[in-house]
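Think of it as A, B, C, D and E in the order they're written, each chain with its own count starting at 1.
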Amino acid sequence: MRFDRNRIADVTFGASALVTGLAVAAIFGFLFLFALPVFTGGQGLSILSGVWNPGRGQFGILPMLAASLCVALSALALGWPLALGLCCGIRGFLPRPVGRLLLMLLRGMTAFPTVVYGFAAIFLLVPIMREGLGRGSGLSWATAGLVLSLVILPTMALVMDAGMRQTERRLRLTGAALGFTREQTLTHLVLPACRKNLLAAAALGFGRAIGDTLIPLMLAGNAPQWPSAAWDSIRTLTAHIGLVLATDSNSAAYGSVFVAGCLLLLVNVTVQLCLRSLLRTGETA
Amino acid sequence: APLDAFKGKQGTVDIAGGTAHIPVMKEAAKRIMTVNPDIRISIAGGGSGVGVQQVGEGLVQIGNTGRALSSDEVAKYGLVSFAFAIDGVAVVINPANGVNALTAAQVKDIYAGKITNWKELGGEDRAISLYTRDEASGTREVFAKKLLAKGDVAPSANVVPSNGAMKTAVAQDPGAIGYVGIGHIDSTVKAPTMDGMTPSQENAANGTYTITRKLYMNTKGEPAGVVKDFIDYVFTPEGAEIIRASGYIPVAK
Amino acid sequence: MSRPATYFVRTAVWGAALIVPLALAALTGVLVTRGAGALDANLFFGGVPALQAMTGRIPVWDGIWPACAGTLSLLGLTMLLALGPGIGCGIYLATSTASRTKAVLGFAVDLLAGIPSIVMGLFGFTMLLMLRRTIAPNAGASLLLAACCLALLVLPVLVSTTRAALESLPRQLHLTGAAMGLGKWQTLRHILLPSSARGILGGILLAAGRAAEDTAVIMLTGAVANAGLPAGIFSRFEALPFTIFYRSSQYRDALELEQGFATTLVLLVLSLSLLAGASKLQRTLEQRWQGIRDDD
Amino acid sequence: MMTDTMHTKHDSVATASPDMTSGTACSAECGSLSGDSALPQSVAARLCDLNVFFGKRQVLNGISFEAHNHAVTVLIGRSGSGKSTLLRTFNRLNECFAGCRTSGHAQVLLEGTLTDIHTSFPEPATLRTRVGMVFQTPDVLPVSIRRNMTLPLQHALSLTPPVVAVRVERALRDAGLWDEVYDRLDAPAETLSGGQQQRLCLARSLAMRPAMLLLDEPTASLDNVSSRTIEALLGQLKDRYPVIMVSHSLGQALRLADRLVLMGSGRILRCWDRQNGLPDMETLELMLEETACCE
Amino acid sequence: MMTDTMHTKHDSVATASPDMTSGTACSAECGSLSGDSALPQSVAARLCDLNVFFGKRQVLNGISFEAHNHAVTVLIGRSGSGKSTLLRTFNRLNECFAGCRTSGHAQVLLEGTLTDIHTSFPEPATLRTRVGMVFQTPDVLPVSIRRNMTLPLQHALSLTPPVVAVRVERALRDAGLWDEVYDRLDAPAETLSGGQQQRLCLARSLAMRPAMLLLDEPTASLDNVSSRTIEALLGQLKDRYPVIMVSHSLGQALRLADRLVLMGSGRILRCWDRQNGLPDMETLELMLEETACCE
């Protein structure tokens, strides 16, 4: 009986692992399959050029790639320290009741739909940004970046916190006995022990930021130009997919949707590879 | 009554495509399902392109477009079109903007990025922010063809994904210029006269306002069963009344 | 080197503790001031009598009741599909010994975690086209398809939180379980999983929240503007996030906009109450496992 | 200056230890694995040429050794000499460490027959329900005192609640803990003092009624009186099942041991049987001092 | 039957203990908190009517007590009698436990003046860098051996790397661990044996050069030889700073203690000073036996 259960468990877990693996393979397969005609078709690699103007037969989506990276990185640059700050606040820097409140807040934030952020920001943040930046229409890189940082914050913070909880519990007494303040215990004992976790949270946050559709679609302005300033209206790959997906499915513009999808996947692979090498070098050092 | 045609029938009608059509589709579906709940009708948006693709692939029975089908599309999927309404497209600006009249040439220059400040048009000293619609929009296609005459749109123009988003953006941005279907115009935005024509559905109906487009329902092959009944219903006088109430001008079959 | 780190963290803490609640307060402030006025029976049922609307006897066309029902069924179905593989895979990754398969799988999961939701929707859509051309010519966009794609979207969240929760347990706990004569599965079931339940549940909540709010996936795989109450897993459906997106982009008058905000509030309340319920459940389960009774 | 002496000590022993093993060491005695009849008591556990590696590090080196029924076997040796590791070979717990490899044979007396623990148990959990172990540092589970006791009984042994309740009380009384905890059984076990936690872990093992008991310094953090109680208990327990324990208290070792094993650098340096006479405290202390603490 | 005896013991002691405290117990001696001059040595730490509660449970009960400079104070007592808790009051570590409340006064000699540790340290961390503590169970950090040593020096004391390096080696040599680890300083500290870990923790505290040292059974899981090394070390250390330690080995207590404190049920039952004569082993053992192990 007991042997059986062990084997059943092994098989079940193995099978679920297999499902996950197959799903990833399928997603990559399908998207590349659908993107392929774009490259083999008439226009070839022109899709990877810098100008998007379907009226003149120009279908370059590189500005969108740049915009995606810009928005995601700025959201990460803002959101990651905030998430870290919240976690540290919860796990020791702030009085316990405040920490508990913040944790509840974070949990609640995960339930905030992105469309809500977008919806509210149009009416609240966009006018502020328009006046504050003094240029542009308020639909901009900066606006989308700000809201996105808020969107990815709870996910990152909760992932960090999941790792920090146990570690903090285990090290609290030792740290105290060694003369560390609660803050020092966190910064010098707990955070380094959770380094892997913090990086994973960053990768996850970046993934969510670059993958979000509605926020940039509603707030970034969607102008297909190269990003050059915070007040620029820019179009991310995801927004591009959302905007162009409804076009004539025979058009070259339509094909760019799948190329955009593939580019997003490639960015994703790159990030993961970087993360891995970062972790590996960290381990040997 | 026209609804009698649905008595005792069963079936599903899935509709997708142009967003401008939805109010009409929704009201018609509501009336039909109220007399006969056995007919299930679902209505999705997605835009004209989605309408063509989904009806062509057989995912829905009716695909709506805010533009005429290209010959490619007709040939590829064997689609049949039913134009049922006319919608006007009007340039809109922020209500606080002092400019009340524009010409097509001015609009063309504005969108090309040659005119960048409202003071060049007699307004106050404020930079113009451009808003345009997405590639899949039927509204954009009419606007580009009839007002811009295929002229360029500056790459820095903001692209908004829907009529509602256009309205929200223009209503909030004092320097904005954009365009929407006439049915969407309300007090939050202002529609200046265009080459002296006042944009309104009456003028569009009587031909004095010429920047218009037709709204189409498309089916794969000739429609049959409840789908045919649905399309027929839209063309009845009751259907025409619904179309008018939604802010469009009905067209006879 | 010690000082800057501490200052950085301290600044981050205070910054975050001030900015985040403030931003949220502003956000909810906007929602409440603009949406509270439209929170009424009309919002839900669009003029149809409540009882008949709830049971589906009269279809609701202008209310969000079908969208509420749609979101709940979508959420249920998604979690049903994702929980098993997600947690199972997390356990596999946390407990199996280092191997090539494990490394590859871990990488696959991380990749999956980074796949944008619109790409996932695109995948669902292309898969549907593929299915129609091959084995299931009558397949259509549906609740099931949307739930499958959503399940894939939230799967990595489940996997990585489960894995992290298990891996952060003290090593000694494994030894203790083994030394007590518990088998691998029993140690897992009776010691490791309960000890990490809080982390795993956090992951489930994260995943559920994500599934409840995602718009991009369902937009392409089965959510529609009007469909009435969900008629089965093979039919199209309405969902709250999509309704919000739709209303915010297609509203025709002030009332519709206000209703959009009110719908947002409804979705928020729905999500938050699910969250609260789950937290309560988790606390109860944990106490039962620990067998700890407070005497004060 | 302290290190210097240590250094020289280290070196001298490294050369000295071979003598010790070849001389009166017990590897010779235990080496004759087939000679069952030569010994008066029956064999309860037997290791034959056992080697354990952690990664590249060899921690046990050619251990051959027997423990007897109705007897307490006490392992002594310097810190880091491999006592805990040796103990863990009997319930195959070393397998739970990453990078651990074991070679050689190990047998334990179960239901009257000497069973090879590596080949006869595809599932080590079964072995471990029969060979109980108490760790050097108390490892209470993060649950209540009661759950700590009932968890293994319910799930590893599948006992019914009434039986469990009886066993729990009995075991807690045996370990001398009942009076201190009977009124707070539902409090978290982590709120117990160090010694209480150690007794809880002992009680948890006793409640399983194993065929053999492995104790890693069971009285390390107990006061003398509690230690004596435990020692008395062990004296009774050995009638029921063989006990193998590690002790750092030479006094305790001499009081309890039926067989005394001295370890050093992952080897068994010597062993003594009570009937052949145990060494006296001073000799033992001297021998310990000569041992390298690790290779 | 074992439990029955325990029960009666429990009862008899509950009534007997008041006598003990009122008689020759040290609460009287220590009670006169102002009488500094009466004692030959200077006072290094002083508690006055200290009570500690965990939740509703009173764990320390009216403790008044002094520890002296250049002296080792040894706490003995049954398991659960509150020794660890008492030790933790000196560096205010009890505050880290949920639901703990402390009342009464506690002073420690820092930079030549007796300082009230509750009022003078808004931040207890500062106090804890000055009052070092080694736990009953080794609590190595999940980092390398070297990082275990350097982390507190770098961050709690903000020392520069060269100073840190010197202190690390010195402390490891003092704790008798250098020879065993000098070639694997960058290995995870968790791969050390139990006794090695305990010595690592001691070394970590020594490297901080505290003003006072609290040791909770520092040799509990060490073999005799290593214990002796540590004992010798403590004998030297007490010249530098006062040591308060818990020990379960009466032999060790008698060897080391300048002042010996017997605890029971959260009270100080008696204390002895070396110059007034320590009791002999048998008496101590008897007294211990009479103590209730907890209230």
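Quick note on the criterion: contacts are C-beta pairs under 8 Å (C-beta built on N, C-alpha and C of every residue); 3 or more make two chains touch, one makes a residue touch a chain.
A quick map from chain label to UniProt name: A, C = Phosphate ABC transporter permease; D, E = Phosphate ABC transporter ATP-binding protein.
Worth saying up front: this structure is predicted, and the values here are computed from it rather than measured.
J.: What chains do chain C and chain E have as common neighbours?
T.: Where chain C and chain E share a partner, that partner set is A, D.
J.: Shortest hop count from chain B to chain E along touching chains?
T.: Steps on the shortest route: 2.
J.: If you tally contacting C-beta pairs, which comes out ahead, B-C or A-C? Let me know.
T.: By the number of C-beta pairs in contact, the winner is A-C.
J.: Can you check how far apart chain C and chain D are, centre to centre, with Cα atoms defining each centre and the answer in Å?
T.: 50
J.: Between chain B and chain D, tell me the centre distance in angstrom, where each centre is the average of that chain's C-alpha atoms.
T.: The separation of the two C-alpha centroids amounts to 83 Å.
J.: With chain centres taken as the means of their Cα atoms, state the distance from chain A to chain B in Å.
T.: So the centroids are 35 Å from each other.
J.: Could you work out how far the Cα centre of chain A sits from that of chain E, in whole Å?
T.: 51
J.: Any chance you could list the residues of chain A touching two or more other chains?
T.: Answer for chain A, listing residues that touch two or more other chains: 2, 6, 122-123, 170, 184, 187-188, 218, 242, 245.
J.: Mind pulling the residue numbers of chain B that touch at least two other chains?
T.: 46, 161, 165, 168
J.: Can you tell me which residues of chain C touch two or more of the remaining chains?
T.: Within chain C, residues 2, 183-184, 186, 248, 295 contact more than one other chain.
J.: Going by the contact rule at the top, pick out the chain D residues touching chain C in the complex.
T.: 91, 93, 96, 98, 123-126, 128-130, 132-133, 135, 139, 141-144, 146-147, 150-152, 155-157, 184, 186-188, 204, 208
J.: Quick one: which bits of chain E touch chain D in the complex? Just the residue numbers, please.
T.: Counting only chain E, the residues touching chain D are 2-3, 6-7, 10, 54, 76-80, 84, 136-138, 173-174, 176, 178-180, 191-196, 199, 216-217, 220-227, 229, 248-251, 285, 288-289, 291, 293-294.
J.: Which chain B residues qualify as touching chain A in the complex?
T.: On the chain B side, the touching residues are 46-50, 52-53, 56, 70, 72-73, 76, 127, 129, 131, 134-136, 144, 150, 152-153, 155-161, 165, 168-169, 172-173, 175-176.
J.: Would you mind writing out the residues of chain A in touch with chain B in their complex?
T.: 51-56, 122-123, 126-127, 130, 135-139, 217-218, 221-225, 232-233, 235, 242-250, 253-254
J.: Quick one: which bits of chain C touch chain D in the complex? Just the residue numbers, please.
T.: 97, 172-176, 178-184, 186, 189-191, 195, 289-293, 295
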